[in-house]
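Report on the structure given below.
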Amino acid sequence: MDVQFFVTWLEEVASVVQTQRDHLTQLDAAIGDADHGANLDRGFTAVRQALADTPPDTPGAALVLAGSTLIRRVGGASGPLYGTAFRQMGKTLGDAPEVSLAELSTALDAALAGVQKLGAAVEGDKTMVDALAPAVRALAGAVQDGAKPADAIAAAAEAAAEGARATIPLQARKGRASYLGSRSAGHEDPGAASTALILGALRTAGSR
Amino acid sequence: MKKLINNVDSVVTDALTGLAAAHPALRVDVENKIVFRAAGPRPGKVGLVSGGGSGHEPLHGGFVGYGMLDAACPGEVFTSPVPDQMIEATKGVDGGAGVLHIVKNYTGDVLNFEMAAELCGDEGVEVVSVLVNDDVAVRDSLYTAGRRGTGATLFVEKIAGALAETGAPLGEVARVAREVNERSRSFGVALSACTVPAAGKPTFELGESEIELGIGIHGEPGRTRAAHGPARELVRVAMDAIHEDLPLSGEVLVLVNGMGGTPLLELYIAFAEVAAYLREKGASPARVLVGNYVTSLDMQGFSVTTCALTEELTRLWDAPVETPALRWGR
Amino acid sequence: MKKLINNVDSVVTDALTGLAAAHPALRVDVENKIVFRAAGPRPGKVGLVSGGGSGHEPLHGGFVGYGMLDAACPGEVFTSPVPDQMIEATKGVDGGAGVLHIVKNYTGDVLNFEMAAELCGDEGVEVVSVLVNDDVAVRDSLYTAGRRGTGATLFVEKIAGALAETGAPLGEVARVAREVNERSRSFGVALSACTVPAAGKPTFELGESEIELGIGIHGEPGRTRAAHGPARELVRVAMDAIHEDLPLSGEVLVLVNGMGGTPLLELYIAFAEVAAYLREKGASPARVLVGNYVTSLDMQGFSVTTCALTEELTRLWDAPVETPALRWGR
Amino acid sequence: MDVQFFVTWLEEVASVVQTQRDHLTQLDAAIGDADHGANLDRGFTAVRQALADTPPDTPGAALVLAGSTLIRRVGGASGPLYGTAFRQMGKTLGDAPEVSLAELSTALDAALAGVQKLGAAVEGDKTMVDALAPAVRALAGAVQDGAKPADAIAAAAEAAAEGARATIPLQARKGRASYLGSRSAGHEDPGAASTALILGALRTAGSR
């Protein structure tokens, strides 16, 4: 996977987030403050612009640029968290012009670690971690099993989607939704839902 | 949704343009969304920076000025600002004595202010952060993101701002800010939801005789839904929650705060009940604010914030302040 | 209807109880519904009395204090007070230099204040009345009760109050009050109706994309119903109406006033447009107020009031004032 | 008609105004400020109380007491106007212990004159005058025709009701409704409606 793959991925994320903006906001309205869709749309629109303004040379540079842009433009909880996730991925990939599936897996693991270090959420807290962690595991497993890239990525995307759905019955222990106590149960976590969209876009990028 | 706006995406910058035009004592960087005192930093004075999502006006931009904040960073509606804003604001108000960040306890605000503080430190500006978490509706436990920062933010900004104006060092200013927070408690009640412009519809639906107890300031539902009742009963629920957490006694600083859509007439009705409750507990409302100060867009409802006064806090509260939304003594 | 009240019939007295408890600088006669300065009349100073229906808070009770009113008479919600209140208030503030009645031009207010003034005269208290009628939405003709008094009331109370504080005689204070009124114009826009507690439901219904242009401050429908539009357009309608009636130029005192249910964030957006309009006409917003000052219960909407300043009016506007809702210089 | 007749009338007004309170308020909501019902209910409740506290000796005293109480308790436009109407009636009747139909007619004429002097409304302005003036004329005509008291009063009440209904198409030129311009047409004037109720109560009082 070269820089073009990652740029395509990020552009795909920008477009899917735009399409799903209202959906994400409505998820956030139910148990948060109704801004998650607007936040990510603002952020990834800026990412798309940044990629166009200063085209990156390497996968790592593309991801660090995306992460930094998110931190600088999103705000809220998701800005620093997603920003850190992309920056950690990028930093892990370093200057390499090409990225193997195994390297992608390691990078995604670093993203998860970054999110958890910053936000201190564990699986089951009803956050983006609930979508990201299973995706990381699925990708690592697929690499281990020697799966083809497309299949491995599909497995990660599937796991993220499944993880997001699984947040529905949970009671939140992190972020705004935690203020609702038991009333947070019965709603999908908006951040987990957006993580599933982001990883789903990886699949689309791979198939281009 | 019917709002007095030009465009969903330009709500915050349009409002900042108006703020700048209305208050010559402010310098507003509309593009970077930072509200400064026009006079700039005073050498040797600790700078005070706060910020958070927009939609809580006059908090924070309306509290920039002599005796209170040096700068405010408004984010998008209900979205905490980004580190860039805070870094720019922090550097812009540093008079060499360091800068206090007043941060309401929300994951987003905390994370973004943390990143900013770290980067400011790297650039040689001393930053101390104080967390405001006064809302007793949320239990501070492993199962939550901790208590929310609400009405006490105003108290912290006013009192720490007054101390900073005397030339007190950063450590002292932070100490008094923390003390105010520790002595403050809040509880909020919603009679209606609010409508975030970008969402276009109310964040929740309430029946004609339903209310939400234990709400924050972001349009989120509260801890429980309950039947609507007379002001007397709603105030009692709020005051009981506060009193249970930190028994009320002695001289109390009280804010009866409107959520944005509740008329002042009704807020005074609520304050009458708050005053009666305090007397019942042997406490007295020694200093009082009634009005819309820490709002939640167009939400109907109110919150009560109390702060157990000390001599020092009373003196600092009474000290002159000159901001768009709070002014006395000059 | 969900309101933060105890009882439909005790709304005004309950709110006055709260006002009294919140502001030690006021003496509130809750039973007779009169708000006085606690300090009482100053010998030789002209007394200023205003009043009108409740539901417009902070007008008028929130403007009692140094540099503004000596007493306010709140009636029931949207109902002008009765002569007894005004007589009691007038006698209570007379410091021997006579009393100015500031009366908004509504049939009820005018008739009741007239009766009161007559009876006060019989009892030897000199009373002069000044009528406020600034609302350009209503044509002053044989076909109406004349223009309504709205936002300019605040300007009249502040400026006449400042002059009275200097010891100026009654004739002078009345002269400046009339001058302020003559130089002031207002226009209001509603995005929603309001709900009078005793009526229990909104005074009119508006569709999701309808607004009312040319509204007053009593929840009545406006002159015309129109399609909702961006703040820029609504402000232009208001400013055009004002400018057509009294061309805007030079230094202008501006009030962008919320009707009670519109967040400050949105009022600043409106003010940005007002400032741009003034610049376009070669005028400048030399003094500015943005906020909820002359409200209509929980109505969403705004009004703009302008006053063409003179050197004297600017000086009196800038003079110290210390009331619950307007305070500077002390 | 003795003092008891007038006290009965005023009590009947108090009770009918109470029953019709919401109706009057809704009429006022349409073209005014939604307080007419509450205003009159507060006023006539106070009148009833005043009559009980200091029972008047003569018709004139009863009416003056009612008028003064309305002025002291109602506020708004209707307080001074109705207050003046009742006071003028009472003053016209003087100390007489008994009132003839002709005297009542003269008194009602004085009430109308008082209202018009204070409020400067003429017929057709869409105010209480539009109900009061035809009632005055009807009563005077009935007296002239030598009608029986019950019939004369019925005619006045009828004329007031008709006058109130006739305000519906009019455009208001006095009071708050005038602010609405042509939009005031199509609604019954609340003050005219309450005048019709007040004169309607005269009929009930007569039949007791």
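The chains carry the letters A, B, C and D, assigned in the order they are written, with residues numbered from 1 in each.
Definition applied: a residue touches a chain if its C-beta (ideal position, glycine included) is under 8 Å from a C-beta of that chain, and two chains touch if they have at least 3 such contacts.
Because the structure is predicted, anything quoted here is derived from the model rather than measured.
Trainee: Would you mind naming the chains that touch subunit A and likewise touch subunit D?
Mentor: Under the touch definition, subunit A and subunit D have no mutual neighbours whatsoever.
Trainee: What whole-number Å value describes the gap between the mean CA coordinates of subunit C and subunit D?
Mentor: So the centroids are 32 Å from each other.
Trainee: Where the centres are mean C-alpha positions, what is the separation of subunit A from subunit C, in Å?
Mentor: A distance of 54 Å separates the two centres.
Trainee: Using mean CA coordinates as chain centres, what's the gap between subunit B and subunit C in Å?
Mentor: 29
Trainee: Could you list which residues of subunit C touch at least two other chains?
Mentor: Within subunit C, the residues that touch at least two other chains are 77.
Trainee: Take each protein chain as a node, join two nodes whenever their chains touch, and name the resulting shape: line, ring, star, complete or other.
Mentor: Shape = line; chains linked end to end, path left open.
Trainee: Would you pull the subunit D residues touching subunit C in the complex into a rising list?
Mentor: Residues 25-26, 29-35, 37-39, 42, 71-81, 118-119, 171, 173-176, 178-181, 183 of subunit D touch subunit C in their complex.
Trainee: What residues of subunit C sit close enough to touch subunit B in their complex?
Mentor: Of all residues in subunit C, those touching subunit B are 1-7, 11-12, 14-19, 21-23, 54-55, 57-58, 62, 77, 191-192, 206, 208-209, 211, 228, 230-232, 234, 260-273, 275, 285, 288, 290, 292, 295, 297-298, 300-302, 322, 327-330.
Trainee: Where on subunit C is subunit D touching in the complex?
Mentor: On the subunit C side, the touching residues are 53, 75-84, 106-108, 111-112, 115, 137-138, 142-145, 148, 196, 198-199, 201, 203-204, 216, 218-221, 223-224.
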